[in-house]
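Look for chain A in each of the two complexes below; its partner is chain B in the first and chain C in the second.
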Partner chain A sequence: MSILIDETTTFIVQGITGREAVNLTRECLDYGRGAQVVGGVTPGRKGRDVHGVPVFDTVDQAVAHHGRPIDGSVVTVPPAFTKDAVFEAIENGVKLVVIVTERIPRRDVAEMVELAALRAGASSAPTAWASSFPTSSRWAASAARPGTPPSPTRAGPSGSSRARAA
Partner chain B sequence: MTTEMSSTLSAAGLGQSTAVSIGGDAIIGSTYAELMPLFEADDETEGIVIYTEPGGRMESELARWVTENDSRLPIVAFMAGRFMDEMPGMSFGHAGTIVEGKEDTASEKIARLAEAGITVAEEISQIPEIMKAKLAGIERPEADARSQESDPPTLDAPRR
Partner chain C sequence: MRFFEYEARELVKRAGIPVTDYGFATTAQEAREIAVRIGEPVVIKSQVLTGGRMKAGGVQFADTPDEAAAKAEHVLGLEINGHMPRGVLVDPKARVKQEYYAGVVWDGIRKQPVMLFSDMGGIDIEEVAEAHPDHVGRGHFSNILPLSEHQAKEVIASVGVTGRQLNRLVPILTALARMFVERDMTLAEINPLGELEDGSFVALDAHMDMENEARPRQAAVLDELGVGEEETRQAREATEFELAGEAVDGMDHRGVAGNVTEFDGDLGLVIGAGGGSLTLFDAVRAHGGRPANYCEIGGNPSVRKACGLAKLVLQKPGVDKIAVMMSIVSNTRVDIVARGVIKACLELGYDPAEKISIFRIPGAWEEEGFKILERYGVRYADRSTSLHDAARLAVEGAPA
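== the complex of A and B ==
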């Protein structure tokens, strides 16, 4: 058994049409008996598919297509839009958020953590709320300082997505 | 480092129920202490390995949680960047390693973990050996007593 996720956990990939997200999705589908990637979200790309995973404009559409609440989301959108994506996931009932993006402004991270705690407190659902921000604001300090040139992104799935045993 | 820890354990024949990369940032979503009750309630989890760095208060929170809740799980920690104690005032790497006071230094954190019965390995390669010894009950004479208690301690039982 595992905590947080297991082989029955359904999740979406936000920013699924991005280069790293496409690879990440492939790896998730290949892992073990195959992860339950039930959808992807990239605004404006509805109707496409990534390795057979349907793409939607919004999390709401992905949930509607799945027909049931979705357990988790892997967020791979750029730092400036990460907060928005995470808020959208949380407000659509997603219980576990894993953020792959680095260099998210620290203030945004604080707001995301706050909203997660808020929704967890309001929820009487029998599932534990857990939010995980594996590599989120690692370089937040430099990202938030105007005039600091961004260094090359070390994007990619954090080890956790593959290391978790089903 | 999550993958490094996992592969070190797997190579030594220790499987993992769950590996969580909580991140090395100043603000994160889930701390050690928040995840502990979930592991504590998982009957297939027998022990915990954590990778830590100087800076931040998470380890003292963990030590407190372990002590207060009389955790059944043996914990082995590895602390990277011990050398930072020799270079006060220098800031290293990423946001999470900013040392704000004496409480955050590597040696202080190691002492705090040790007080809670958490062994801090000198090298990553020692982790499996230390964990196996702990699982076998060595260094933990009270290990027998804990198998009798079936209910996880006070915190709400998690469900995933």
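== the complex of A and C ==
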């Protein structure tokens, strides 16, 4: 799998006001020169911000605010709502979707993959399919950390700059 | 999650596919009453989640209600492959002109369901596919586009079925395919699908498997079928240890710390992350280690769940040490897992440095995690130690 993103990749976080997403957003913004997190989506939370990232009700609003197409989305919504979130991203022109959520029913994942294929150009990396897609942790890490090559030894939210002792 | 035949038949019936006038009984008396209602010779079929019923004597024929009661009594007490039956299905002995096969299975490579049809029913479809490939029709269908009858028609017609049979079979395969999607099935087959003397078709047996992840949204139908939430319906019954693992995972909704499978080794495993569990389990075995269990952690479980899982594994008889290993984590926090497993050792009165043979989880919040591990003298490794090497360290134990 080639490298799909770099430091110029713009992305949103769907479910950005959730506990995991708030941490993830902070990690993304802190990393390297800072990731291009151009917005977040949580229905009903329009007008808030998460570490300075504006929150919208819909992906459409996020795209409108950004003023041009958004490259990617990190989806962190609960399993029952993941399919709709991914559909929303794909139908709003997002080309790369990273799904952090676990335990999504297979049928939903199959629908996402098929819609992505129908809207040629979009691709997604669901956690549930670690065997056929790169693992979510790797993808989430690479998406969350533009500029870091997604190699097994380097990819990861804590990056190489952190102290380590073994 | 597998269904018993009597449940699978109910699902077939609800899909609008004709079934026989069968009944489900848990006592000989109930079986007699169903046989009386049917009023003709019946078949008594053991309801077990295992194959080889016929060979084991779990399928019996009875001409009268008295005989039905006697045969039911026998079948109800008959263990098959270690399974006691849930009950018996009492089925009219249908006069079948020809047996067909209709099925829908999940194709994990194409990531689409595929309809299967054969005019050679009553035997395993795999056997037919092997010996008579021209008698098996196949057709994939979309996960999102509407399923149309012509798709089923093409599959059935491809094996040479035509005329009235074709037109009667199309709605059946179509209904089965729609039910497969609607009910989150991974397998739905009617075998045999019988053509009766009068030209009508009826489902004579059914096998269904539902995807576990879909159980919450299928709760209503599962409840109506009488499937308990506690029933795992796996190939074998869950052990006490595994059930305790489920309970740990169910303590709260944060992340995953469970999916425990019991093995008879001595090395306790607390493992996970994006395929890491399987990789690590295999690596431990490759280094000659004997795992006491398999499990999965991911999605940032709470300290409580990580602690509960570690405690469970530590308390398993025969377990000397645990190895805590994951691939590089992004959303699961290293410090939370570290805190959980150390807490487990302390609460059980163990020295974490003694009980944790290796802690190898690099990734999110590793700095904080490693600090905690250092404080308790636990041997740990960062991402410069591969999963393979971590497994070797776990098997070899602490250096002298």
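Note that in this section the second predicted complex is superposed on the first by the 118 of 166 C-alpha atoms of A that agree within 3 Å, B and C clash if a C-alpha of one lies under 4 Å from a C-alpha of the other, contacts with A are read in each partner's own complex, and residues count from 1 in each chain.
Basically, a residue touches a chain if its C-beta (ideal position, glycine included) is under 8 Å from a C-beta of that chain, and two chains touch if they have at least 3 such contacts.
From a predicted model like this one, the values you see are computed outputs, not experimental measurements.
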- Given the touch rule stated above, what does A:V97 touch, chain B (first), chain C (second), both, or neither? first
- Message: Just to be sure I read the superposition right, which of the two partners does A:I3 touch: chain B = first, chain C = second, or both, or neither?
- Response: first
- Item | Partner chain in contact with A:E27 - chain B first, chain C second, else both or neither | second
- Query: Regarding the shared-chain residue A:T58, is it in contact with chain B (first), chain C (second), both, or neither?
  - Reply: neither
- Task: Determine, under the contact definition given at the top, whether A:V113 touches first (chain B), second (chain C), both, or neither.
- Result: both
- So, A:P105: does it touch chain B (first), chain C (second), both, or neither? second
- Item | Set intersection of chain A contacts, chain C complex versus chain B complex | 106, 110, 113, 127-128, 130-131, 135-138, 140-141, 158, 162-165
- Could you pull out which chain A residues touch chain C in their complex? 20, 23-24, 27, 79-80, 100, 102-107, 110-111, 113-115, 118, 127-128, 130-131, 135-138, 140-141, 144, 152-158, 162-166
- Query: Quick one: in the complex, what on chain B touches chain A?
  - Reply: 1-4, 6, 15-30, 34-35, 38-39, 42-45, 94-96, 156, 158-160
- Residue positions on chain C within touch of chain A in the complex are 106, 111-112, 142-144, 181, 184, 186, 211, 213-214, 216-217, 255-256, 273-275, 298-300, 327-331, 333-334, 362-367, 370, 374, 380-385
- Item | Residue ranges of chain A in contact with chain B within the complex | 1-6, 9, 96-97, 99, 106, 109-110, 112-113, 116, 126-128, 130-141, 158-160, 162-165
